[in-house]
Amino acid sequence: MIIDALAGVLVIPAAAAALLAALPGYRLSARLNVFAALLTFMTAVSLFFIEPRSGPYLLVDDLNKVFVVLTTFVAFTTSVFSASYIGHEIEIGRLTPTFVRFYHAMYQILMFAMNLALVANNIGLMWVAIELATLTTVLMVGIYRTHEALEAAWKYFILGSVGIALALFGTILVYMAARPVIGEGVDAMVWTVLMTRAAKFDPALLNVAFVFLLLGYGTKVGLAPLHAWLPDAHAEGPTPISAVLSGLLLNVALYALLRFKMLLALNPAAIAPGPLMVIMGLISCVFAALMLYRRRDIKRMFAYSSIEHMGIIVFAFGMGGPLANFAGLLHMTMHSLTKSAIFFAVGHIAQVKGTQKIADMGGLTVTHPVLGWGLVLGVVAIAGLPPLGIFMSEFLVVSSTFARAPWLATILALGILVALGALFLRLNTIAFGEPRGPAAPADASYVPMFAHLGLVLMAGIYMPPALVTGFQNVARLLG
Amino acid sequence: MNALQFDVAHLLAGLLVLLSFMQLYQDRLYALLNIFALHALVLAASVAWQAFVQDAPHLYLTALIALVFKAIVIPTALHRIIVRLGIHREIETVVGVGPAMLLGMGLVALSMVVMLRVTTEADPLAREDLAFALSVVLLGLLMMVTRRNAVSQVIGFMSLENGLVLAATGAKGMPLVVEISVAFSVLIAFIVIGIFLFRIRERFDTVDLQALDRFRGERR
Amino acid sequence: MTVAFTLYNVAALIALAPIALALARLRWGSAIVYCASLILTLTLLVLALLSLFGHAEAPAVVLPLGLPWLGAHFHIDALSAFFLVVVNVGGAAASLFALGYGRHEHTPERVVPFYPAYLAAMNLVVIADDAFSFLVSWEFMSLTSWALVVAHHQVRENLRAGYVYLLMASFGTLALLLAFGLLAGADGNYLFDAVRASHPTAGLAALVLILAVVGAGSKAGVVPLHAWLPLAHPAAPSHVSALMSGVMTKVAIYGFIRIVFDLLGAPEWWWSMLVLAVGGITAVMGVLYALMQHDLKRLLAYHTVENIGIIYIGLGLALAFKVYGMSFAAALALTAALFHVFNHSLFKSLLFFGAGAVLNATGERDMEHLGGLIHRMPQTAFVFLVGCVAISALPPLNGFVSEWLTFQAILLSPQLPSWGLKLLVPAVGALLALSAALAAACFVKAFGVSFLGRPRTPAAANACETDNNSLAAMFFLSALCLVAGILPGIFIDALAPVTTALVGVSMPRQTGLDWLTIVPIAESRSSYNGLLVFVFVTLSGSLAAFAIHRLASDKLRRSPAWDCGFPVASPATQYTASSFAQPIRRVFGTTIFRAREIGEMPPPGSTAPARLTVELHDVIWDTLYAPVAAFIGYAAERLNVLQFLTIRRYLTLVFAALVLLLLVLAIWP
Amino acid sequence: MLLVLLLSPLLTGFVRKAKARLLRRQGPPLLQPYRDLIRLMRKEVVLAESASWLFRVIPYIVFAGTWVAASLVPTFRGGLLFSWSADLIALIALLGSARFFLALAGLDVGTSFGGIGSSREVMIASLAEPAMLMIMFTLALIAGSTQLTSMAAYMASGEVGLRVSLGLALLALIMVGIAENARIPIDNPATHLELTMVHEAMVLEYSGRHLALIDLASELKLLVYLSLVCCLFTPWGIAGPVATPVEIAFGIAVYIAKLAAGGLLLAVFETSIAKMRVFRVPEFLGAALMLALLATLLRFVSGSF
């Protein structure tokens, strides 16, 4: 092939973005959006079969392959969902066609940015990509132009930019640390080079760098207490974007963190990044679990649950070790799939009920059985009940860490339990009981939602050995 | 590099920290703006000096951006905003000046301690520069969280970012510096536009709690 | 081979669930589903019996499911086989009952799909051979039963019940998860064989034991973890309540036995004390709670708690004997516990079926609104009476036999060297005796108030006998109760392989003895022959009847009740459930439930009725659950402030975090 | 079996007579109970309309249960033919089931009196039964068996001696027996229209042969308890499994003598004490339970008590 798959995952979205920006008309652009996403996804999958060479700017290895494929897949399904969602938004006039055009272009740019962040072989490039992704999402969160949306976007924007600044400082520090060893120039920012020489870097500089990176990218991951932007951004933006935010952007930021963690892990003199991550993960998990109780807005509630799960994942990676890393990866994958599926459901629910207030929706399994039971299934999955995949990952996280750090694992387990309590408390009101709110039938596309849930279910019962070995390799890579 | 170059660079960086302190001390908006312009000016100078020392011509571009955009355009823009919103007589610090200064001292000391643990084979200029840059960043952040007024918060953010640029230029041979400074200018432009758009007077977000509740779609 | 077949059937049950979803709306849909699950459970039952009596160690089956590098292991040993029998007897009976009962279901699509899945899950728990499969099936069991509990979700209480239930279930699962995490170690040896091979240190084992007591106990309904049980069991449709009470709690017992007796290795002496104490308290508290109820199904649910306590007493004794190497005594105690497991699964299902039949006929669960049903539904009344006699541990039915065995085990315990046990065991024995007596009282109340007397409401007066399928199921179970009561030897011998596997030896063979007597230790010590007692009683009874009717009068005249000369027509003058329990409430309730009776007399001359209100407090709930909930609520409320900060404050948070971390670096050595 | 059947009314009659004598009354003749029974048998049964089939079956069940229980007690000779078919626990349980059904009968007609009766009956039983079981524990632990014949045999053999636990058990057994047989001070078998009555209230609706059976059953019950005391605490004179007619005759004589003594004591006790309020009963029985439990504990703690 002329351009290899690696470039493909970047070029296709970029081109699509340009095209969509020019293209008027909702239907066509929506289809094109879906098509581009699908194409990107297939290119990403092809990464597994034809190994492209990693250059000074682009890199592909087992780690980011997993991320890229996951990202592109969820991006694809989300684009399918957003086709029907946005259609409804236009009907009720919440969005004008111009904004829709803008929206689709932005969507592809976001894909481009995230893919770039994932395949970037250069810490500077990665930083730029993540900043780009942030700015894009800021614009999309504010797309409804309601006061609340602007409010949320503004908050996201300010906190995000501070995070970006901190991350940049960290990046500079890493460069400073690398320069004496590697020498000036681009090489001192290239992952592949950094990894080989990391042992000789100045530990003190690396430490400071990691602190800044942890806070900078941690803001994007949504770790407490840096999470403030996340719930509102999820609640006020269009639901597809909430799905992308929860399902993908958090992962991308997490990916950056992981890379730097690996870098630090290679340097014996530097502080162990693990404990920091474990503590922040625990704080986020328990904090978010408690925050779930007072939520009245359905999307905001699930945003907090994202924070909780990010906490669990970061905790797992912080604990390290092949088992915990495997669990973390698995949990991240499962969470992306499940959470985006939930947001698909929530999006349609909010549309049919005409509100996001939990109090105003009820008895969903009676009025809209498919949506309702879909939501129930999703919540069951996200709460970590079998036979769905998250149970497996949580089982691995808790049981593998309990022998090593009983108290931490216990706290985590209690956090999970508290969160489960909150989720089902709300689920009772939403899905069961006397029906409330309009009962008009939903013109929804259930395929993406149930595709995700189906995958999660399958992973909970049977995982293809190829996938397992892949994950195990990555886990070993993460140390 | 010889001692002179080192001293000059050192002097400029130190000057930046000093100016950050003065910003922290100032509570009149106009004065704040002027000091910030000065801040940007010094930054430009130090960047230029770095460009000369490292004979890296692209850094001149960065210096130019700093000079034109930060030292001239933004301050004037903010000036006009202040006039437009009629908030030029605001005295609005969260903690008093004294405590703020003390905090600033603490931060500078902290950054020194953290940075001076860096082993010495990283060249001294880099170390000193980084120490100063870190203090500038922290002071900028401190400014953001101790000021109520949007404009002064923007200024805080910008001085923070000056610290970043200082660090980036101090890092010898660091690629993408120009791009980064451009990107940041874009970011700041966004913020300023945002202030324009939302007519944000007091804080970044609205005053009264009911409004807050409405915004967050929550009822207490 | 049996394992494979069992798995096929389970798979068929699981596959039945989506089919059921499709069929649910059809007219005969639910009937088809229940019929299918009846057939499948019967086949499973046959398989289980084969592997129980065949004594052929079926080889384990490994499926490429579950944990990737481990796979899902399934294995049937004697213990699993026995519990498979319990599960599938209950399952078959419930399916048969549901064939009739299910027709009255308004929203079958909320019940039918989950029902077979629930049965499958319970089977899977019992045959799982690695920690992951075990926990998956365990929690899947909770999940499906939760779905069944909230089937009638329009009722607020049911939703709350389901909520509490799911929380407690997950809590228990987490405890078990931690226990297995400890057993498996950091490198994750989740296979049961590997766990057996690893010998945990004393402290570790102790922790695991406590976690097991908590984890399995929260599902079995051990006081004080029982809170969900009386809420959830009545909420579900009656055939499901029967399964939850009669079978699922037994599956929990299985989990406990599996961990403590099998996986955990040599026990410590104080373990048995813990288990015994838990059992005794559970038994008495359960029956006392039950006495205070007047909701029929809730009363039954509380009795499940009591019987779980009795079973735990048996297990505790077995542990104690095992510690001190008194294998035969251990075998006796364990047999008693397991036999009671079986018996309770029989009569508790039977009673819940009866309650379900009553619910269908009258639409009432509250005994205060029932009465006189024996006239309208005599057959149901009869089988319910059988169940009552059985659960009240009265000869010649099965409940008595297992309690008799437990008493025999208690009588062996003075040989125990440990002083703590010497003091604890008789106390527990007294508790056991007390709970048995109170149980009898409670079921006099349950049967008397709801079936005897005069109907208290039109609904009760116009009730009609339930359908034949339900009756068939109930008669089937009562027949089993009788057989297990008069021919216990067979069942005890069937338990021999289980006890051999767990404590090394088994009770002496019983079926060989003449007249089918059971003799736990030696005939000079104690023996019981249900058959003869039954025969004697029937003989002398009929003899007396015959003699009197032949020699003396057999004339009979109907007339209004005499009632000491001043009968009152209104059925409201009958004793109600709460008034029946009043003396016992006075004796026990004042301390345990802080029960108070407030009588309001109208002023002289006013025609207002006098009222007597009784208020009871669930002390355990108030002292254990409420505070936790309150704390979480408080924390949530406090933290919720963080949702409403200004951006500057959020920035302050970030700033603080940054400074904090830098400080950490600064003071880093 | 027949013997106990025949003796039981006599015992009741004797107790009544003795009481009357103690009260300086003439009192009914000794054989009065027989006459009552026969008369009742002859009478027709008047059944309440609201009574169910259960109501008519119960008398037979109660009678049969009690009778079987009675016939299990070795009265005058050990090694009864089927004594191994049920031990002491089973015996208690049999009496328990008799009571269970009787209480049901009280509720069946649906009158307030029946309700009072059975609710109080079960309250008493719920305390008396555990006490009984505890007593049984003590004895079983001493005798090393729950098998009545072997227990009696062991007790008869002199190696028991005087023991604290035995004394406690005896005391408790007597208290329980009094409660179980609805004697003063727990209940008053003589009266009807008294709100504190228990047993009589339960059987209020019965008449004719049913009443006869139930009365017979309660008389049997009294006999059972007395003969329990006899065979467990004063097991002298009980003939061995293989015994000559002379021994058997002697055994019977001794047995009747014991019964007479017991009845006399009972009568004395009853006349010398007043009926207590119903809600004092739990304390009375609680005391019995505690005594029994104490006895058991002592036994558990060391064999020497």
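Just so it is clear, A, B, C and D label the chains in written order, and each chain counts residues from 1 on its own.
We adopt the following convention: contacts are C-beta pairs under 8 Å (C-beta built on N, C-alpha and C of every residue); 3 or more make two chains touch, one makes a residue touch a chain.
Source: prediction; values computed, not measured.
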Check: Between chain pairs A-B and C-D, which one is joined by a greater number of C-beta pairs in contact?
Finding: C-D
Next item on the list: Report the inter-chain centroid distance for chain A and chain D in whole angstrom, where each centroid is the mean of the CA atoms.
Entry: 78
Notebook entry, point to check: When the centre of a chain is set as the mean of its C-alpha atoms, what distance in Å lies between chain A and chain B?
Noted result: 31
Margin query: Counting only Cα atoms for the centres, state how far chain B is from chain D in Å.
Written below: 99
Next item on the list: Please compute the C-alpha centroid of chain C, do the same for chain D, then give the distance between them in whole Å.
Entry: 35
Check: By residue number and range, which residues of chain B touch two or more other chains?
Finding: 114, 117, 141, 144, 204-205, 216, 218
Next item on the list: Would you mind listing the residues of chain D that make contact with two or more other chains?
Entry: none
Item checked: Per-residue multi-chain contacts in chain A, two or more chains -> 154-155, 158, 162, 204, 208, 294
Next item on the list: Identify every two-chain combination in which the chains touch.
Entry: A-B, A-C, B-C, C-D
Notebook entry, point to check: Where on chain D does chain C make contact in their complex?
Noted result: 38, 41-54, 60-61, 63-65, 67-68, 71, 82, 84-87, 89-90, 93-94, 96-97, 99-100, 103-104, 106-116, 118-120, 122-123, 125-130, 133-134, 137, 140-141, 144-147, 150, 192-193, 204-205, 208-209, 212-213, 278-279, 282, 289, 293, 296-297, 299-301, 303
Notebook entry, point to check: How about chain C: which of its residues touch chain A in the complex?
Noted result: 64-69, 131-132, 135-137, 139-140, 142-143, 150, 153-154, 156, 159, 162-163, 166-167, 170-171, 174, 177-178, 180-182, 184-188, 190, 632-633, 635-637, 639-640, 642-643, 645, 647, 650-651, 653-654, 656-658, 661-662, 665, 668
Checklist line | chain C-facing residues of chain B, complex | finding: 94, 107, 110-111, 113-114, 117, 138, 141-142, 144-145, 147-148, 153, 203-205, 209, 212-213, 216, 218, 220
Next item on the list: Sort out for me which residues of chain A touch chain C in the complex.
Entry: 154-155, 158-159, 162-163, 166, 204, 207-208, 211-212, 214-215, 219, 225-226, 228-229, 231, 271, 276, 287, 290-294, 321, 323, 363, 365, 380, 383, 385-387, 391-392, 395-396, 398-404, 406, 409-410, 413, 416-418, 420-421, 424-425, 428, 432-434, 460-463, 465, 468
Check: Of all residues in chain C, which touch chain D in the complex?
Finding: 371-372, 374-375, 378, 381, 385, 389, 392-395, 400, 404, 407-408, 410-411, 413-414, 419, 422-423, 425-427, 429-430, 433-434, 436-438, 440-441, 443-445, 447-449, 452-454, 515, 517, 523-529, 532-533, 536-542, 544-545, 548, 551-564, 567-568, 571, 573-575, 579-584, 586-587
